[in-house]
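Two complexes, one shared chain (subunit A), two partners (subunit B, subunit C).
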Partner chain A sequence: MGLVFLLSYRNLLRQKRRNFFLGIGIGFGMMILVVANAFSHGMVEVLLNDIVANAFGHLVIQGNQGHSFFSMISDKERILAIVQDTIKTDELLYINENLGMFGRAVGNGEAGNIMVAGVTVEDQLVREEFFNNFFTLVTGNFEDYFSTEIEYPVIISAAKAKSLNVQLHDVIKMRLPMITGRIQAVKLTVIAIVNANNTFMDVVMFMDGQRVKELLGYHPWDSASLQIALKDPQRTAAYYAELLHARLKPNLISIIGQVGNQGGQLLAFQNNAQAKQLLKEKITMISGETEKAFSQSGVMVSHQLAQKLHLKPGEDFYYQYQTKYRGFHQEKLTLNAVYDSNTRLGGDIILLNEERVHPFYHQYLPADSNWNYITANNPLHGIMATEWKLLDRSRDSQALRKKYREERQLQTSQPKLDVLTMYEGASDILKLEGVLNSITMIVVLVLFFIILLGVVNTLRMTIKERTREIGTIRAIGMQRNDVRNLFMLETLFLTTISCLAGILLGMIAIKLLGTIEFDLNNAFSIILKNSRLYFKINPTALITSFLLILGMAALAAYFPARKAANLLAVEALRHYE
Partner chain B sequence: MNKRMMVFLFLLVSVLLFAGRALANPEIGDILQEIDRLTELKQDGTARVEITRQKAGQGTKVYQAIYYRRDQDDSFLIVMTAPEAEKGNGYLRKGDNFWMYRRNTGTFQQISLDKSIAGSTTLGENFGSKKLFKMYRPLLNQDGREQLLVTKLGEIPVYQFKLTARVEDISYPQAVFWVRKDNYLPLKHASYSLNGTLMQTIYYLKYTRIEDKYLVVKYMIIDEFEKGNKTIVEVKNLSLQALADHIFTKEYLASLSNN
Partner chain C sequence: MNVIEVKGVKKDYPLGKTTVQALKGIDLVVETGAFLSIVGPSGSGKTTLLNIIGCIDTPTAGTVKIQDEEITALPEQTITDLRLHKIGFIFQNFNLIPVLNVRENVEFPLLLMKNQPRALIDSRVKELVRGVGLIDQIEQRPAELSGGQRQRVAIARALVTNPEIILADEPTANLDSETSESILQLMRQLNQSEKTTFIFSTHDPEVLKHANSIIQLRDGLLVGAGVV
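So, the complex of A and B:
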């Protein structure tokens, strides 16, 4: 076999010019493949890691109440405890609230729509990452970001500062809607003008997260959606998403409180027709209006409690309870009906439609609850209302959009919680990489098909030229397989050397293309990093491409090589051109 | 003191008390309730609405719409008829629900009443009956008293008073009203943000009387935050014929939009 290797290598050098041009073709194809592959991989990396991960988080717990545009989780402490209990400390980088204010800004005679992102940078790691990797300072001082003497300090991109005609220490007026829908007006002070490392961030201004939270009207115990950054998101994000989803299962609504001095538990039933029908079958009305009792504002009281309170349908009463964060809350209720206490719900019960409960329950979270007032196998369990609706996990962006579209159609004030990873949220971007790679591969395969036609043709010519030589080596004892391998190895040597040269050239091309600075102000600019194209070589994809080309070359060479091997020595020796 | 004298003094005191009460300024809460009563129409209404939006540096744009209103159940429907880009888009209010319809996608989106109509400074809440008493209460001064001023707006005697929001879900948490002394109709209304910044001023330019009720048929909204922006809303060709229930439905809005 060593001799076959040696002969193949020697033969390769015998036809220098022909093989050189053929090698250039193969190398050029490989170079295009390397550049295109690194470009698509780099673009996805920029979109995914620099934009999606920063704007979205590797893992997100999204909370929404009603049809509010703002995300809202009404008990941050409880959800954070679940997150910290679920994700191993050494796999968790940080948890951030996704705070953003959208509104209208007026600078010096110029106005425009803006977004102010709230970034809390208490942690040293986050601080370094934020100031050093996100921006290049043009003018100003990042330390002023934390100043309490400056009115709402903001970092603004040079592009945005230009569009609003503002300079360092200028004031920008901003009008923004708060989470309640109220309009807030605020004066922001420019403390730093920067060049953002990604054009996407040019449109965003940055302000301390706590100040944004206050301006938007969140209570300290509320939270916007929680962005969770993981050390190895590719490996752990989906796993933790499933785990968190399981642990964020809501409890049944229950409030332990009192009417006057009489204790009573407040429960809620679901507002859908099926649940209401089943509840009607399970409880017996004693007095009042059933229709009203099951309406969205419906209030029922058990017979036992109604007797203790001397309450009759149509009368108002006050239910009060200790809240978790806001002292005592008193809710005025109008009794619609009294039902027989002989149900499995208990004796001293106030039973409300969930639509009557959610608006105050989440504003005034109860300090005392008895979530297990009913067992899971009780037929009433499935019709009682839960604290929130935990949305099913989505497999990709399309399913996510469909899910949210369907949820928007629902007329309910029940809050929703969703757990998603950036891979589902941004699966379209991942698909984009696949599509770009497929397009590149198809183009390169067409190119290689043409090149391999050249390989086949070259081999046919070579075989024809070397027919007598084949006859000679066959006559002195070389086996057919060795002859076939001789030609195949010659092609594979050529392909390997050309591909390696192509990879080298591709890397040089990547370096050169990566130095060109683009001054774009259109949508394409979001794929740039520091105003330059960003390439990232994917070794797996590179090796796969290389092996694929090698395989194609081997296949192309096989048939001419077999033809050469099958020549009869006598016939070959007689061959004369 | 004889009996006659006592009767005379009693009558005198009664007359003075009655006159004093009659001459005293009204309570702000009463004014708000009266405005709500005056502006809540008994009949259904149909009209053409013209919204003229002027934006700084962008010139003037005129929007036209058909407007159906029924105050009995807090419903209204607006379908845009011009310009071409807005044609077919619409808004539907039923009680507390407010939807925006986009013709190009054929979809309804639930939005809040404080969302602008056709990108102008006029909001959804400006097209329904006023519920000022539910929304606002008088802003009290340091002594805990209402601040009602009797002043003039141009030549018209008016009551001027400050209000603060009763509820959370209201665009502007503070407001100042100027209402006519003679009939309590608002003439001017300034809205303030939570931190007290003047955000917009509405001038109610023209009312039309319908029996004992009033409908504002022309008003101007000045954007005080972004100077140079203003919107004028005019209600024209008002008809008071009863409207069928199906008009205030999503299906009807979608069908109107496609015609």
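So, the complex of A and C:
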């Protein structure tokens, strides 16, 4: 094989000019491929890591109450505890609440729609990342971000400040919808004007997360969606999403409380027809109106409890319980029916339709519950309502949108909880990279097809010129396979050297293109990083492209090389140019 | 002992719609160590006979034995191997590989044999290159050598594997008379020292004086044979 290598290498140098031009073609194609791959990979990284990850987090726990536009998790502490217990400390960067206000803002004679993002920067890491990497300060002072003497301090981009015609310390008036549906008017004070490192940040104003939370009407124990930033999201995001999903399974609704001095546990049944039918089969009505009892506002009490309370259908009573965060809560209920039961529901039980429970349950979370009163193996378990609905994990953005669309159509006040990673939340962006790479690949393959026609042609010419030489080496004793390998190796040498040169040139081109500064103010600028194109080489894609081109070259060289190998020595020796 | 036995060998070539009979039934026996010259005018079948003996062409009819082994029915790979180990070729146009220097050209067949120790290759190549008087040109490429020097390289290459037979097709046709003389003297000397059988074709009467046996071909037939 050493001899074949030596001959291939020497023959390659023998026709310098011809091989040089062919090499330029292959190298040029490879260079385009390198630049295009790095561009699409870099663009996706900007979109995914700088925009999607910053705006939504690597991992998101999202809650929705009924049909509210805002994300809402009603027991932040409990969810946070689960998250902190699930994700290893050394793999977690930070957890942040994703708080955003959208509304109409008026500056000095100019108005526009704006988004105010709430960023809590208690964590030192978040603080450094936020102030050092997100922006470049043009004027103002970041320390004022925390000032309690300034009315709602905000950081604004120079572009947005210009569009609203505001300067440092000017006031921006804003009308924004709260989570309750009310519209609130606020005055925001500009404490810093900055240049953002990407266009997406240009359109957002930033305010302390806790203040945004207050303005939107969240309780301190509520949370908007939780953004979780991980150290190695590519490796761990999906894993932790699955783990969190498993650990965020809801419990059955249970409130330990009392009516007057009589203790009683409040449970809820599901509002769907199937669950209601099954429940009807399990319990026997003694008095009252079955229809009303199973309606959305339905309230039933066990016969045992009704007797203790001397309650009759149609009468009102007050159910009182200790809440987790807001002292005692008293809920006025109207009894629709009394049931007898030999099931687990036969004790001191108040049984409500879940649609009657959710509105107050999440406002006034109970301090005491008995989540295991009805165990998983109890046939009643599938009938009873859960605290929230844990949405199935989604494969990609398309599945996610479909899931949310279907959920919106359900008429229920049951809160929903979803766990998603930016990879499925923004899978369209990941697909975009695939699409861009495919387009590049098709263009480059066409280019290479043309180049490889050159390879075939060159090889045919070479073989014709060296026919007598082939005759000689065959006569001396070289086997056919070695002759074939000789010509294939020549092509592969040329392709390898040209591709490596192409990769090198591509890297130089990337460096040069990356230095050009763009002054754009359109949709294109979203893919820029610090006003420059951002390239990132994807080694896997690079190696794949390289191997693909080598494969194509080998295929192109195979047939002429085989033809050379099959030449009869006697005829080849007789050949004259 | 016979190194080559040719029996009833015929060779037909298609030429357009007709067939040319290059050899019309040749019987020939060559003894080991012979320095045999095949003579005859152009088109008499000298090269065809050499090609068939050298296993780079196959006869239309008849048999060829090399060291008692019938070679006409052997598979292609075995025949290539046989050429490598038992036959050396010297061509009229030298047919050296232009991208290899003298040393590399001479060692080429040994490298094809694979698994030959490097030290053995080096010593054998040097011995032969010295033998053909080109030790000072050992790193030069064919383009830097004269015609006579190139043919000496070709002779060294033919001998490097210690073949049983060396076939030379008009080895001096492209050389001046002085160089031809020295090449033939070298071949004769190697024939005697290496005990290798040399068969060469020629139509140069000057060459014939070096042969120890001669056969004459005309129109594809053996018309004369003799010992000098």
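Keep this in mind: the second predicted complex is superposed on the first by the 568 of 577 C-alpha atoms of A that agree within 3 Å, B and C clash if a C-alpha of one lies under 4 Å from a C-alpha of the other, contacts with A are read in each partner's own complex, and residues count from 1 in each chain.
We take it that a residue touches a chain if its C-beta (ideal position, glycine included) is under 8 Å from a C-beta of that chain, and two chains touch if they have at least 3 such contacts.
Bear in mind the structure is a predicted one, so any value in this text is a computation, not a measurement.
Participant: Is this a clash or a fit when subunit B and subunit C both end up on subunit A?
Facilitator: With subunit A aligned, subunit B clears subunit C, so fit.
Participant: Does the superposition put A:T472 against subunit B (first), subunit C (second), both, or neither?
Facilitator: second
Participant: Which of the two partners, first being subunit B and second being subunit C, lies in contact with A:R10: first, second, both, or neither?
Facilitator: second
Participant: Now for A:V570: first (subunit B), second (subunit C), both, or neither, which partner does it touch?
Facilitator: Touch partner of A:V570: subunit C, not subunit B.
Participant: Tell me which partner A:R408 touches in the superposition: subunit B (first), subunit C (second), both or neither.
Facilitator: Only subunit B is touched by A:R408; subunit C is not.
Participant: With both complexes overlaid on chain A, does A:K173 touch subunit B (first), subunit C (second), both or neither?
Facilitator: A:K173 contacts subunit B only, not subunit C.
Participant: Which partner does A:A185 reach: the first (subunit B), the second (subunit C), both, or neither?
Facilitator: first
Participant: Going by the contact rule stated at the top, is it subunit B or subunit C that touches a larger number of residues on subunit A?
Facilitator: After superposition, C is the partner touching more of subunit A.
Participant: Roughly what angle, nearest 10 degrees, sits at the C-alpha centre of subunit A between those of subunit B and subunit C?
Facilitator: Reported to the nearest 10, the angle reads 150 degrees.
Participant: Superposed on chain A, how close does subunit B come to subunit C by Cα atoms? Whole Å, please.
Facilitator: So the smallest C-alpha to C-alpha spacing between these two chains is 73 Å.
Participant: Going by the contact rule set out above, which residues of subunit C touch subunit A in the complex?
Facilitator: Subunit C residues touching subunit A: 51, 54, 56-57, 76-77, 80-81, 83-85, 89, 91, 93, 95, 97-100, 104, 108-109, 111-113, 157.
Participant: Using the touch rule from the top, collect the residues of subunit A that touch subunit B in their complex.
Facilitator: For this pair, the touching residues of subunit A are 67, 104, 106, 111, 173, 175, 177-178, 180-186, 408, 411.
Participant: Under the touch definition given earlier, write down the residues of subunit A that touch subunit C in their complex.
Facilitator: 2-3, 6-7, 10-11, 13-14, 468-469, 471-480, 482, 568-570, 573
Participant: Help me check something: in the complex, which residues belonging to subunit B touch subunit A?
Facilitator: On the subunit B side, the touching residues are 56, 97, 109-112, 114, 165, 168-173, 191, 193-195, 197, 199, 225-226.
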